[in-house]
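Some structures to go through are shown next.
Note that subunit A is present in both complexes that follow, paired respectively with subunit B and with subunit C.
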Partner chain A sequence: MKKLLILFFFKILFINNAFALIEVDITRGNLDPLPIAVSPLHVDIKSEAFDGIKIKELGENISSIVEKNFKATGLFNPLKKEAFVQKPDIAHLKPRFEDWRLIKAQALVTGKLLVKDGKLKVEFRLWDLAAAKEMTALAFTTTPSNWRRVAHIISDKIYERLTGEEGYFDTRIIFVAESGPKNQRIKKLAIMDQDGANTKYLTLGNELVLTPRFNPTNQMVTYMSYFRNMPRVYLLDIETGTQEVVGNFPGMTFAPRFSPDGKKIVMSFAKDGNSDIYTMDLDTRVVERITNHSSIDTSPSFSPDGKYIAFNSDRSGLQQIYVMRSDGSGVKRITFGNGIYGTPVWSPRGDLIAFTKMRKGRFFIGVMRIDGTGERLLTENYYQEAPSWSPNGRVLVFYRETKAGTKGEGFSAKLWSIDITGYNERRLNTETDASDPSWSSLLSK
Partner chain B sequence: MIRSLIYSLTFHSVVIFLTILSLPFMLREPIDLPPIVSVELIQISDKTNIPYAPKARKIIEEKKKEEERLVSEQAPPTAKAKEKPDRIPLPDEKKEEKKIVKKKQNPEEVKPEIRQSSEFEKKEIIDTNQIAALIDKAKEEQAVKEKTKQKITQSSQKNSFATGLTLSEEDALRAQIFGCWSVPLGLPYDEDLLVRIKLKLKQDGTIMKSEILDHQRMNRPGQKFYKVLAESALRAVRLCQPLKVPPTGYDKWKNIQLNFNPTEMLKG
Partner chain C sequence: MIFNKNLKNILLVVFTTLILSACSTAKKSGNIDGDVYTGKETVKFLASGVPDRVFFATNKSSLTTAARETLRKQATYLRKNKSLNVTIEGHADERGTREYNLALGERRANAAKDYLMTYGISGKRISVISYGKEKPVNPASTSLAWSQNRRSVTVKVN
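Let's turn to the complex of A and B:
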C-alpha cells in the first residue's frame, strides 16, 4: 500500500512536469508606424493676450508641430483629429482609454497651456492606451515667443520615451543658402530649425562661404570663407553672433570639422602642393600634422570617442575611405567596393560611418559599419553629397543637385533627409537653394 | 411471503425493463456531444507534434543557417569568430565589452560556454592593431549573439515536444500576436533584446496576469531600448486580447510564456 502511495505521489509530480510552461517565440511583428493620437493642448481660459501670438490657436499649433515631427520620423502615425473622441481638457485629466483604443491609437499625447504674466506654462502627458497608464509627464515655463521650441521639446521627450533614443527635434540645421545663376552664385550662411522654420541668414553673401559645421557640444559653428581669394577658417557663435578668424591657410583648405569635445578643429590643407590632414587646438592655436603621405588626404572626421579619424585618400589609386588613430598611426583602408568613396562622417552613436559614393556617374549616400563591412546604399541620384548626422544618429541630411541645361537652366540644389534604414526620404523646405547642411546637437541639452 | 416476493420481482422487473428501455436514450446523448471531434484533434496533434515537427524544424533551421552563411556577408557565422586570434581588441576595451555582455544577459541565460569561449579567445590576443580591434568588436558581439540565438531555437525545439500546443495552435497564436506587435523600429539590431513575458490566461484567452520576466532590467540605466521593447511587447499582448487559444486543454496553456525577439526583423 505504501509503495502504491509513493508511486502515486511520483506520478503526480511527473504529470506536473509534463505541463511545463509553454513558450512561444515571437520573432515578427508589424512594421507599421505606431498609431499615436496627439490631442490639441487645452488653452486655459485664464490665459492673457500676448503680442503677436494667437493664444487661442496656440494649443492647436503646438500639437500640429508635434504631429509633423512625428510624421517626419516615419516611426509614428499621428491619427486624424476628426476621429478624436474626447475634448482636450477632459482627456488631459483622465483619458477614457477604451474610447481611444477604439480609434486604434496605442499612445495618446495630451496637454494644457497657460499664458500669464508674459510667461507660457505648458504641461503634457503621454499615455499608454493599452496599459491604461501614464508613461511620462512634464511641465515647463518659457516666454510665449518660444512656443515652437516648446513643441519640439515635447516631441523630443515623447520620442525618447517611445523609442529609447534621444530625439532630434529641438535642433537646428546650418547650411549654405544659394541664389542667382549657376556661374554666379551668391552663397550665404543660413540657419533654420530642423523642420525648416525660422530661417536666418548669418552672412551677407559678398564672400563665398563653404562647409559650415556645428560643434557637437554647443552652438558654435566653424566654416570656411574666401577673403581676398585666401581661404580662411572662421568660428561663429550662433547665440551671440560673434565671429572670429581661426587662421589663414595657404593653398586649398577643405572642410574644417570639430573634434567631439569641441576643443580642436580637424581639416585638410595643402602645404607644399600636397594635401594632408591637420588638427588645430582652438585654445592654443597650435597646428599639428596628422598624416604625412604623398597622396591627397582630405575630409577628416573624428569618431565620437575622439580616438579615431576617418578620412579620404587616393593612396591606393582611387579615392577610398581610411581610418586611423587620432595621432595618425595605424592607417587602415576600410572601403574596397567598386567606385569612389568620399566624405566619411562618423555617426554620433559611433556604430556607423556615412559616406558619399560615386559609381558610373551616379552618386550614392550610404552607411557602413566602422570596419567597412555592411555597406548599405540609402539613396541614389544624379548628384548628391555632404551627409550630416542628426544628433541621435538616426537620420542623415544631405544636399542634392539636379542636372542643369547647357545654359545652367533647371539647376537646383535642395536639402534632403533620409533615415538610416533607407526609408522615409524627404525634402526639407528651404527658402532658397541650399547645400552643405550640418545638424546641430540638441539645443536644450 | 410469496406474495411479497412476487411484488418485489414484478417491481424489480419493471425497473429493469424501464432501465433497458431508457438506456439507449441516455447513451445517445453523449454520442452527439462534440468531444469526439476534439479527441480526433488530439490524435492528429500527437502525430504532427512528436515524430515530424522537431525533425522538420531542425532541418529548416539547418537550411536557414546554411543559407545565411552563403548569402549574407553581414552576419558572420561562427567560423568568422574563429578567425579572431590575429586581430582582436585591446585588453581594456575587451573588458568593457565583457561587462556589457554580462549586464545584457539575464542571469539564467548567461551560461558558462559563452563566457568561456570569449575568455579563451582573449588568451590568444597578440596583435596590437587597435582599429582592427575596434572593428572586430562588432563581429564578436555578433558571434556571442549568434550563440544565444541558437539557444533560443533549441528551447523552442524542446518546446514542441513538451508543450500541449500543437504546431497549428502555436502558429495561430503567433500569427495573432504578429499582427498586434508594432515593433519599435529605432532599436539597434546588434543588442541582445529578448523580452520574455509570462501570462496567466483565463479560459477565454483574456489575460488574468502578465509579467515581464526581467522587469528589473527595465529600470536599469542604459537599458532604455529594452524598456521600450518590453513595453511594446506588453502592449501587443494586451491589444491582442483575447488570445487565440485552443478550446481544450486549459490546464496546459493557462500559464504561457511569450519570447519577443525582434533581432531578425531589425536586421532586415
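Let's turn to the complex of A and C:
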C-alpha cells in the first residue's frame, strides 16, 4: 500500500472563498444535478512512453473516469464533450467563461499531464463558470500505473470542494465473488476499486469464505473461512498475503469486524447452541467475552469512537437491534418497529445506524438514529442485506439476491448502492456475482 | 338483553368458524405441517429405517414430535454401532441475514446433538458444524424448498 502512496508536491494552490460560489447540497435527493464540463486532461507533447499505458489517450481516459464517478453520485450531470468550446490546453490556462456558460455548464474541470522519467505529473483546476473564478487547483506526481487512482483523487477533490464533504472515489470494496449453481456456490474473496475496476481475487475458491471487512488502514481484512471445514474468523494481510486464525476458540467464530482503532476484532463465538459476542486484542491476544446471554447475539459493529457496540440478538424472541457499551454493560434494545431487524452498522459519522429489516417476506435496507428513532427505509426488495458505509457516510453498498426458479435457475447476487437520501440506487459492476461488500476508507488520506 | 345474547351467540359462531378455518389452512399443505417439512423427498438414511435429518420451523430450533422420533432412531443406531462418530450439520433457509443464520444453524445442530445425548450417546462422538444458509439442499425460492433447507443432518465421519 505504501508504494501506492501518492506524493503531493503542493496542495491546494489557491482557493477563492471571496463570494458565493457554486455549491451542491447532498443532504437531499438531488433532482437537479449540477451540469459540469470535464475537459480531457491535456497530454504534454514531451510525454514519454511508459510500459503498457496509452499515453496519448491518458488525458481522455482520466477525464472519463472522473465523469463516471460524478455521474454515479447522482449529484452531477457531466456534459457531452462534443459541445465543448475550447481546446483542453487553452481552457486549462484560461477558460472563456461566457462560452462555457452557453453550453449550460456551471462548473468546468481542466487539467494537464506529463509522463517523464517514469513519473506521471498531473495538474487540474476547477472553475466556477458563473463567478468566472478558479475554485480549486491541485498538482501531484505519482507512478504512471496509478493513473486510475489519479482520476479518483481528482474526483474526490472536486466533490469535496463542491459539496463540502469528503469524497469516496479513491476507495476499494472487498467482497465475496460468487459463481456456480446456487446449491454448489464457489466463493472467493475479491477486492476491486470502488468503480469496479482492478478486480483481484484473494482466495482460490477451495473453501467457503464469508463476510470480509477492512481494518481502518485498509491493509488488513478480517473474514470467515471454512478452511479444513473449521468455520473460523481469519485475519489476512492484503499486501503480504499472510493469514491466520483469530484466537483459539473451540467452535465456530463468525461475524468479525475491526474496532475503529484497528486494534481489536469483535466477533461472535458459537458454542453449545449459543452465540455470544467476544473481542480479541490483536497485539496482546487477550480475549474478552462481551455478551453472556442464552440467545443468539451476533453482527456486532463498533461506534466510530469505539465506546459502543451495536449488535443483533433474538433475546426478545426474534432478531432485534441492541446497543451496549463496548465492555458489554448497559445493553439497550433500540428497534421496536414491526418486523425483524439485523446487521446494524454504525455510520463513520457516528450519527446513524444502517440495518437490514425483514417484514412480510420483504427485505429492506434502512437507516435510523443511534437510539432507534427516525427510522427511514431506503430500499425494498425480495432479498437484500449487509449494508456497508462509504467513508463519508453518504452512500451504502449492500448485496441483493433474486428469487430462484424450481431448479435454482434465475438466481443471482449483485452489489448495489444507494444514497442515504433514498435516491440514486444503482448496481455496481462486478466481474462475477457478488455479496458481502465492505467499503474501505479513503486510500490517500 | 335478548338481542345482546343473540349477538353474542352469533359472534361466538363467527369466531369459532374463523379459528377452525385458520387451523385447517395453516395445518397441512402437501408435505409441510405448520411450516415444518414432513416429506421424505430429500431424506437420506444412515441405515435402513434411520433417517439422517430432521426439519425445523422458521427461526426455530425446537424439535418437533417427528424430529424427536427420527433422533430416537439415530440414537438407537448409534448405541448399536459404538465405534461410529457423527457430525451434525445445522442449516437455515435463505430468508434471513447470513450471520444470524450461521448462529441459527449452530443452534439447530446442537438441539439435535443434545437430544441424542439424552439417549446416552456421548457428546464426544458428536461434532457439530453450522453452514447457515450456505448449503441449501433445494435451491428453489419456494416455501417447500425453504422448509427442506431448515434442517440438521447427521453424517457419519468414520
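Quick notes on this structure:
We adopt the following convention: the second predicted complex is superposed on the first by the 406 of 445 C-alpha atoms of A that agree within 3 Å, B and C clash if a C-alpha of one lies under 4 Å from a C-alpha of the other, contacts with A are read in each partner's own complex, and residues count from 1 in each chain.
Convention: a residue touches a chain if its C-beta (ideal position, glycine included) is under 8 Å from a C-beta of that chain, and two chains touch if they have at least 3 such contacts.
On a predicted model such as this, the values are computed, not experimentally measured, just so you know.
By the touch criterion defined above, A:D32 lies against subunit B but remains apart from subunit C after alignment on the C-alpha atoms of chain A. Of the two partner chains placed around the shared chain by superposition, subunit B is the only one that A:G374 touches, whereas subunit C remains out of contact.
By the touch criterion stated above, A:D351 is placed in contact with subunit B alone, subunit C being left untouched.
Judged by the touch definition given at the top, the superposed model places A:I290 against neither subunit B nor subunit C. In the superposed model, A:L415 lies in contact with neither subunit B nor subunit C. In the superposition on chain A, no residue of subunit A contacts both subunit B and subunit C.
Looking at the complex, you find that subunit B touches subunit A at residues 73-74, 129-132, 134-136, 138-139, 152-153, 155-156, 159, 162-165, 170, 173-174, 177-188, 190, 198, 224-229, 231-236, 238-239, 251-253, 255-265. Considering their complex, residues 18-35, 74-75, 101, 106, 128, 130-131, 135, 160, 162-165, 307-308, 323-325, 330, 332, 334, 351, 369-374, 394, 421 of subunit A touch subunit B. Listing the residues of subunit A that touch subunit C in their complex gives 181-183, 185, 208, 210-211, 229, 231, 251-252, 254-255, 268, 270, 272-275, 296, 298-299, 312, 314, 318-319, 342-343, 356, 358, 361, 382-383, 385-386, 401, 403-408, 411, 435-436.
Within the complex formed with subunit A, the residues of subunit C that make contact are 59, 61, 94-100, 102-104, 106-107, 109-111, 114, 129-131, 134-142.
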